[in-house]
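Next come the structures, one after another.
Two complexes are shown next, each including chain A; its partner changes from chain B in the first to chain C in the second.
Let's turn to the complex of A and B:
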């Protein structure tokens, strides 16, 4: 159990920087997810905490110790790799015991620890098997077991579910969540999957191009994205973005684009009027665009031609062309009968409208 | 379809199958240059070879000794070199090329070079050793020194072969288990014995299998270095068959010796193959 503190951590390969000035404090027992597209520096950051990559600048502290120059074995961390990284020629038992044997733990204690871990993970019947005789999910469980037996101060996860198929991934996600309750340890989890980030993290760190974009609780990140990138990365289907001009019309501020004119909610008028540029980016999540007309006139209706529909069984996702942009609307009742290329009315929930600066792409609040 | 394999089949029949039958036929006959009658004598040659004390107590032990020591030593040095070359250092491409050079030299040339290097009067190495104050050794006139030279030559030729194959295998190994081992506090030696070697095992086993069968028929080095001497002390199987057939011109006995060798190799080969299969199962 320990706090992990990253202070202005940077990493460069030669003159090519990949991680810039990452500062982050992870509380004891907190589960933090680093999320971002590939190449955003999330794995490199994790590997620097593990000691598998050297740190070019800044400091990393685990517990009360600065670990910059400590080898991985002395950092008291355990890591789960994307491709499991099991020792293929060893049995499951030996895989779990290897780290303890290297640390000269006596066999009786090893046996106890292995039993403890296998009971948690349901691996007991597989102890004498070799990794190649196990399914992907079982192998990943062994990799988790290898961490649990050691009781490290920090768990590091490097995209542990990426190699599993979709169904197994969903199942393992739930298992990981349950495991968290049983084995409380400070954890850093790297993923490119926003669903994993949303469901697993106490806090989520969104990264892009080696910079931290936003740190916050999953809901905070989802509802109050700091910039267009965060808004687009979290959520599926992704948030819709439309370039709009702000104009005053009949005493109300409206966001206007071709085929579209949406009344700006009162609470946002002040921050927008303080904003110099009248051309901004309007952001609306697909689930906040509804088909049909609202009960009362909100001034947020528009019409658009249906260009694509996706029937998901539980919901219908509809794409419509507005202002030369494909706008997606989700959570439409799956039974709704729609004809492609017909024009349909839509309305936007005014409580869920976001604006971003068209140059810096930062959220305007 | 049959027509498509016909050219290859024809070559195989003409140059492998027919000669094997001619050879087998010869081994049952009194077939020599001085006796053109080719009298059928049954298994006499086989009995002769198998009751020849030189074959039983010198040639066979020598052959297996050469096989085992050459394979073990070239594997060990090849593995060592591969591990060294797997780490980046200044001038690595040059060293890598230089290490491969022995493979580009014909074994006959290599053996000739070694023979001259160890020549008792003009040899560079013998002279160097005597300058350094080492006692004089009859490199090519005593059994064990000359046998060591044969092994040394074989290792010199074959270690690079092990090096390139093991190096390729090393570079193809996934990085993650080694990183996991680092986190698992595994020291360098323990990582080598518990992670690297087991991961290399399939490749090493195949190399050993191929080289063992190949080493059984080593001829050039022995023939050039010692010719089987002194006094047939370093004779190996291939030299024995060659001498019978082409020095004593007793084709029948030579063919019988070759046939016996093939049988022995068949048995050894099957044994090795089974061993390999079992080891592969274990190492997976």
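Let's turn to the complex of A and C:
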């Protein structure tokens, strides 16, 4: 159990930088998720913490120790890999015991620790098997067990659920969450799956092209994205973006595009008028676009032709063409009768409208 | 609005045109092809074995005549030169395999896991040696071994064999290590191993089937090797392959004795192959 502090950490392969100036303080027992598309530097950052990659610049501190020059074995960490990385020639028991044996722990203590871990993870009947005799989910549990027995200061997870099928992934996600309650340890978790980031993290770090885009609690990131990338990456279906012009009309500021005119909520008028450019990007999450007409006139209605519908059983997702952009609206009652290519009325929840600069793509607040 | 459900036509395995035309004939045809191919491989061995049990007078008519004899084997086994050569070949194959394997495993692992100037140079070196036909450096090797005064000694033959093993089998070994996910070694590093420990305790045991297959291949390679044995050895350290060739004399070839020797030379190779077959197969599957 320890704090992990990254100070201006950078990584370059030759003259090709892949991680830039990452600074992050992870509190004791905190669960932090690094999320981003492939090649964003999240795994490289994790591997630098693990000691599997050298650190080109900056420092990494685990507990009170700067670990830049320590080999992985001296960092007191444990890691779960995407492909489980179990030792294929050893039984499950030996896999779990390997790390303790390396640290010259006596066999009685090892037995106790292995039993403790197998009880938590339900691995007891599998102890004498070899990894190739286990299913993907069981292998991943063994990999988790290998971390638990060691009682390390930090857990590192490198896309641990990516190789599982969708159903098992959802199940393991819940198990991981439950595991956190029983085995509280500082954890860094890397994933490209925004659902895992939202559900597992105390805090989420969104990365892109080797830069940290935003750090915050899952809700903070979801509701107050710092830029267009974060807004589009978190949430499914993704946020809708429309290029709009800001126009003064009858004493109100309106965001106007072809077929669309939306009243800008009062609380955003000030920040928008302070913003020099009159052409901005309007961002609305699909669940904030509703079908039909609002109870009171909000000035945020528009009409659009239905071009696509997706029936999910629990909800209906529809796509409509507005301002030459496909706009998705979700959480529509699944029983709703809709005809394709008909025009339908929509309205936008004014409490959930985002604006982004059209050049820098930073959120305008 | 209703949309017709679109279903892909599913391909079902049915009888081929040939099977419809002549059911059963297809199987017969395939069977005949297999027998024909097997004949091509079995014929030389069968002729060899039959020749080895014919008297000298009968070797040109091996399918006719009824005289069979084991005298050839008795005669061959009474020649100390042949027994000596068998022993030499066995020792040489075993030594070359054991020594070269140490280098091959290390070099294969390095080529698979590390990149850098040393690795690139090493890779280029063994690549070049692989592309050069090895007959072209047999003669220079003769000059080198005579100059170093190791001509016709174990060492003089062992060193070239090890060189060839390393060049040829490092590639195979690299392939075996490539098929082992390096994250297993990374896990070992985190679990408290040094880099060397991760290699020795995790990578090496995982590569064992491959290493076993490789040791059989290299053992057979040296056992069967002819050219080095012919040029680099003489009377003091004869090898079985070159000794066999000595039945070709000015007065004619003693086919019956040569065949008996060849059959005897096949036996150890056969034993090694049968014993190691499951490792070879597992190695090839990796």
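In this text, the second predicted complex is superposed on the first by the 365 of 365 C-alpha atoms of A that agree within 3 Å, B and C clash if a C-alpha of one lies under 4 Å from a C-alpha of the other, contacts with A are read in each partner's own complex, and residues count from 1 in each chain.
In the analysis below, contacts are C-beta pairs under 8 Å (C-beta built on N, C-alpha and C of every residue); 3 or more make two chains touch, one makes a residue touch a chain.
On a predicted model such as this, the values are computed, not experimentally measured, just so you know.
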| item | value |
| --- | --- |
| Fit or clash - chain C, chain B, common chain A | clash |
| Chain B versus chain C as contact partner of A:83, first or second or both or neither | both |
| First (chain B), second (chain C), both or neither touched by A:103 | both |
| Touching partner for A:132 - first (chain B), second (chain C), both, neither | first |
| Partner chain(s) touched by A:168 [first = chain B, second = chain C, both, neither] | neither |
| Contacts of A:195 with chain B and chain C, given as first, second, both or neither | neither |
| Chain B versus chain C as contact partner of A:238, first or second or both or neither | neither |
| Intersection of chain A interface sets (partners chain B, chain C) | 50-52, 71-73, 77-79, 81-83, 85-89, 98-99, 102-103, 146 |
| Parts of chain A lying in touch with chain C, wherever the complex brings them together | 50-52, 71-73, 75, 77-79, 81-83, 85-89, 98-99, 102-103, 146, 150, 339-340 |
| Residues of chain C that touch chain A when the two form their complex | 1, 181, 183-184, 186-194, 197, 202, 205-206, 208 |
| Residues of chain B touching chain A in the complex | 174, 176-177, 179-187, 190, 194-195, 198-199, 201, 282-284 |
| Residue numbers on chain A that touch chain B, as the complex places them | 50-52, 71-73, 77-79, 81-90, 98-99, 102-103, 130, 132, 146 |
